[in-house]
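Listed after this line are the structures, all set down as structure tokens.
In the two assemblies presented below, chain A is common to both, partnered first by chain B and then by chain C.
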Partner chain A sequence: MREFTYHRAASIADLSPDATIIAGGTNLLDLMKLEVMAPPALVDITHLDLGGVEPEGEGLRIGALVRNSDLAAHPVIRRDYPVLSRALLAGASGQLRNMATTGGNLMQRTRCPYFYDRRMACNKRDPGAGCAAIGGVTRNHAILGASDHCIATYPGDMAVALMALDAVVEIDGPTPRRVPLADFHLLPGDTPHLETVLEPGEIITAVILPAPPGGQHRYRKVRDRASYAFALVSVAAVIATDGGRISHAALAFGGVATKPWRDPEVEALLKGSEPSDALFREAADILLRPARDWGENQFKIPLLRRALIATLRDATGMETAA
Partner chain B sequence: MQITLHLNGATHDLDLDPRTTLLDALRHHLGMTGTKKGCDHGQCGACTVLMGGRRINACLTLACMAQDAQITTIEGLGSPERLSPLQQQFLDHDGFQCGYCTPGQICSATAMLEEMEAGWPSHASENLDGPFELSHAEIAERMSGNLCRCAAYANIVAAIQQAAGTTDHREDAA
Partner chain C sequence: MTRHLRVDGPTHDDRLDHMAQGILGQPLNRLEGPLKVTGWAAYAAEARPANMVYGVLVQATVPAGKVLEIGDAPGALAVIQDKRMVRYAAQGMDQKGPTSGPDQIEYMGQAIALVVAESFEAARHAAQNIAVRYKVSSVPVEPEAVTPELPPKKQSAAGDVDKAMREAAVTLDQVWHTPSQMSAAMEPHAAIAEWDGDQVTIRAALQMLSSNRKQMADALGIKEQNLRLLSPYVGGGFGSKLGINAEAVSAAIAAKELGRPVMVAMTRQQVFDLAHRRSETRQRIRLACDADGRLTGIGHEVLVSNLPSSEFTEPVAQATPFTYQAAHRQVVHAVARIHRGCAGSVRAPGEAVGVTVFECAMDELAEAAGIDPVELRLRNIPDVEPTTDRPFSSHKLAEALREGARLFGWSNRKPTGQQVEGEWMIGMGMAAAVRVNMLVESRARVTLTQDGQAVVETDMTDIGTGTYTILGQLAAEMLGLPIEQVEVRLGDTNFPPASGSGGSFGAASSGNSVYLACEEIRGQIAKAMDCDEADLTLQDGMARAGNVARLLSDLIDGQISGEGHLQPGKTEKSHRQATWGSHWAEVAVNRWTGEVRVRRMMGVFACGRVLNEKTARSQCLGGMTFGIGIALTEAMEHDSRDGHAVSRDLAEYHIPTHADVPPLEVHFLPERDAYVGPLQAKGLGELGICGAGAAVLNAIHNACGVRVRHLPATPDKIVAGLKD
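Let's look at the complex of A and B:
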């Protein structure tokens, strides 16, 4: 690990563009040990007053320092936003969820093995260096949202559920603002080192949830082992039916794309339609239209199709085995 | 930098490089070698300790960030003369082979049983609001952050189920 100075922030005013925020430390320290990240200065925000889950309007305001385990177990989240509890509980381990924070979780970086290996070319780690994953082993990589400069997935689970819940990110800094989560993460394009709209010196202070959407909530995560593994494919679904037709459909996808993925065309197709296998197959066709594979990750295309169809059958009360 | 750690009921003043993890502070600076280093990257659970009563990975925690918190390690859960219920049950059920993962398993299980009592759901829970049973599936899920290379899992599960019958899972209930 490279040397750094450590400072415990007493107020938001202690933040500076030159110091990297540390919260739970579970992603940052991991990357610092490998010298994939080498910040010269750390500012510890864990003693700031950014905890708590409070009502805001008809929705909720989740403080950036709320730990993943507390959020998953929170009675209002369990009752009104169960897809979020389910996504959190499907991530990492009991220990890590006790450390990981809401803000840090949103900011977690890719698990692309070439990004982690400093001997390999990586545009995300070292802009302009090239991408060793393209032409390399791509089993983990994205089938949606990739560019010729980076094909790494956004690895997290929590943000996928938050996408399906229309969450908004509250940012403090020189210009405090609120950004819909859908606009928070960036596609890699030709600048894969820029992952979110957050600027140096800015901090996530909270995540805002709108009024509870009701309906059926599902988080389906497919992975290499039953627990303590990142998603190969995940589907967050909030689906309501009314009079035999789908009245609300919010779907987001993890493990398959360069950012938490949502496709308005898929949802538009479902809304107002009667649930059927034909409809769900068509939804999968639309979702996968822009999909592109790099060899080893080809399996994610049929896997995403099946995971989507199974989730939709489950959430609309059809039998799960398609 | 000057760091004060509150460990197993005692207070220690240390002069540490800010890079020192809580795990290295325990093992190398305080000689508390019960807590083990497996992967050093949050992937195995060998370094599990309790911070403010909650289980965490000491390898991904900076010692300077643990300042002011109450840390409990395997040495603080019980003593050879007075084992904690989980320590006793791991012995009775042969919940280990080489023993390297065991301190982490026991610290993790201690906090896991308290999470169950607090009504926390898990990925394996059918209903987010319970009731939660200490089934094999629940224990396997809730303990998935602790790997055992000797695969003593069957006996670890049995030890935890047996210990859950006793309410006070640790010697130092503070």
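Let's look at the complex of A and C:
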């Protein structure tokens, strides 16, 4: 670990573009110990007034410092946005969820083992160095949104559910702004070190949820062990049916892509259609049209297909997951 | 006085069953438990001698070659390069230090130097950023890429398996793969070395102090008597602390050079690079049987790997020669010399993967023959060891199978794929459990004072297994004392040398030495009572013989002490010694995603005398959990280009979590094995692992019809066999 300065922010005005923000520290501290990240200055925001889950319009405003555990247990989240509760509880471990914050979780970095290993070339860690993951152990790498420069997945669960809920990220800084979560994370392209639209000197202050979407909420996470494992594939689904037809379909995917993934074409196909296996297979075809594997992660293509079909069958009442 | 015993013959006298105190076998809580949960039990890295500084190992970033130059480390006190530093850990029970000379690189991640600084963080920073110049060599890192060695002593054959296969009514011929696995003990490897003149004391995380002392003295080039090792508490070993490793050797070298105590603790990532891995295995199994399921041929062809300079090879087929009967048999043991991290003993070396795969093969044969898997096994249990005609010291496989089937409700098992609950397909599976049994030379000293306190001293370790407790119970039983009046001191080479913890032999080996030491003391008490030791009853601090009863305190002038010395003897050769059992599992397989959930798991074990019903059970619970890991989750993946371990932390190397492990049921079959010393107790630590994974894998097949032969059975591999 490199030496760094530590400063506890008293107000948002205390933040400086030169200091890296730390909140729960569940990911940043690991990365600093490995010197994958070596910020010279840390500013601790955990004493700022960025907590609380409050009504905003017909929706909710979730403070950036709300802990994952608290958010998952929040009665309004459980009642109106259960897909978010389920996604949060599917992530990490109880200890980590007690520390991790809503804003920090959006900034979580990939778990690509080559990113974590400074002996290995990584464009994300060291722009232009190359990607050692390509040609290496790629079992848990992305099949969607990757480039020849980076195939690392976005690893989180919370953001996947937030995508399906049309969440918006509230950002403070020189020019306060709101960015739809769908636009918050960047595809790697040839700049995989740039992961979000957040600029130096900016801070996430809240996540805004629109009015409750109703319908059936599911978060299905397929992983190598039953707890404390990153997703091989995950599906967040908010599905409503009306008169035997799908009236609302919001689907987001984790573990398979370089950012929380959503495909409007899939949802367009589903909306207004009668639930059927044929329809769900077609939805999977559309979703997987751009998929590209890197060898060991080929299995994610059929696995994502199956997870999507199973989730849709479950959410439309065709089958009970039990 | 020392009481010696070489186990040359049977102990038919169940003497320990007739002692008066009645504490042996009782499910006592671990004596050191409160110290551990309150943090008072200090592990290796928790001491803080004055002036201590911190060392962090510098690791090679190339898979093979030579170190040409190591740069400076700004902010550090020293960069230690010493030709005595070791390239990898010693193997269990080695009498000499492991290969030294860190400049020659044999695998990526090898320790090549030590950076020492005033803080751990500064040392780690310097070690992570030090410039090293290498001459890089090109080396093979994939086991299938080289022509393997066939060590002559490790091959065996009788009859003609090819012929048996041609002529059999039913045959099976399949290949399995298991990946590298890591012990992943909770406590990372660590050592603190401190010199006083030419005397060095090293607090370390080690399992076998008496051989570790020899290894360390050899590695450092010092006399054994100048070296004291302390490992009173060890946070799990599972094989990875059997032999000394780079952290302890370099701590001692650096402490000498700097004249200050030095701590070297591995990071979790370093543990994955530097501790022994279990070799990956490729196993081809051929089975032939007649129409009634009687085996006529058994073939077990194994490929494992290790570094060219290491002698250890995973003894995969160790139990194959004596588990089942067959006229024609062959074991082929091939070793690929490649440059992945050093392979060594990890949780039941051999049987953990060998029995697991073999028991999957038996399940496949049962299916092919149309015979119930339990019945197939029962029909093939030998009366004597097949390859040698030696008798078994005891043999409870048949009973474990029958009792297990009854307790688990095996008769309710449905045909493959017939039980469905929502998305989940349900199945049951079983497997036999078998593990070789060993005794190892062991010594202990017991001292009894006038105030009725007994002290047990031996350099035996307690690596979380319950050694403190069982040795305390033994002394309490033999000397007729409440457990509160017995103190057990372990993990110090100033005490008599013991077997150490490994190979499941620790409890029986060290336990017998404590038994013998207590017998010696009982002899002295009997003399004071003027009776035969056999007529002496000791209970609650009283000695009784015939009509005479006296307080122990009246019989002892000051204190009396005795040493016990156990050696394995002729029964090691005259009898095949093994522990036996059976594993049972019920799983649910998700028909969409291939996820597996173990819903129920049970083991039935026979290990001779059970010394503490609770710690014994805990050993089995841990073993069965490892079985779930082997079957479903654990894989240490290597990069095919340079062999480096890719999964290097506990987020990526998947030990089963609580959510993966259902309530586990453990049953012990009452047994006294006469050929394993007066305790009549055998090793138990590893039996729970051996075959447990097969019960899970066989249950997966019963649930959904998929056979996974590339372990672990992660969702991708199940899905590949499921219909859309």
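By definition in this document, the second predicted complex is superposed on the first by the 319 of 322 C-alpha atoms of A that agree within 3 Å, B and C clash if a C-alpha of one lies under 4 Å from a C-alpha of the other, contacts with A are read in each partner's own complex, and residues count from 1 in each chain.
Please note the rule applied: contacts are C-beta pairs under 8 Å (C-beta built on N, C-alpha and C of every residue); 3 or more make two chains touch, one makes a residue touch a chain.
Fair warning: this is a prediction, and the values are worked out from it, not measured in the lab.
In the superposition on chain A, A:G272 contacts neither chain B nor chain C.
Looking at the shared chain after the overlay, A:P180 reaches neither chain B nor chain C.
In the superposition on chain A, A:G214 makes contact with neither chain B nor chain C. When the two structures are aligned on the shared chain, A:F4 is found in touch with chain B, with no touch to chain C.
Touch criterion not met for A:G57: it reaches neither chain B nor chain C. Within chain A, the residues touching chain B in one complex and chain C in the other are 1, 3, 33, 226-228. Contact residues on chain A toward chain B in their complex (touch as defined above): 1, 3-6, 8, 22, 24-26, 29-30, 33, 42, 44, 46, 69, 72-73, 78-79, 82, 85-86, 89-90, 92-96, 98-99, 226-228. Residue ranges of chain A in contact with chain C, taken from their complex: 1-3, 33-35, 111, 113, 116-119, 135-137, 139, 220, 222-230, 232, 299-300, 302-303, 306-307, 309-310, 314, 319-322.
Only residues 1, 17-19, 21, 40-42, 45, 48, 54-57, 60-62, 64-65, 108, 111-112, 115, 118-123, 125, 128-129, 140-146 of chain B touch chain A when the two sit together in their complex.
Contacts from chain C toward chain A in the complex involve residues 61, 108, 121, 124-125, 128-129, 267, 269, 421-424, 590, 592-595, 597, 632-633, 637-641, 644, 646-648, 651-652, 654, 656-660, 714-716, 719-720, 724.
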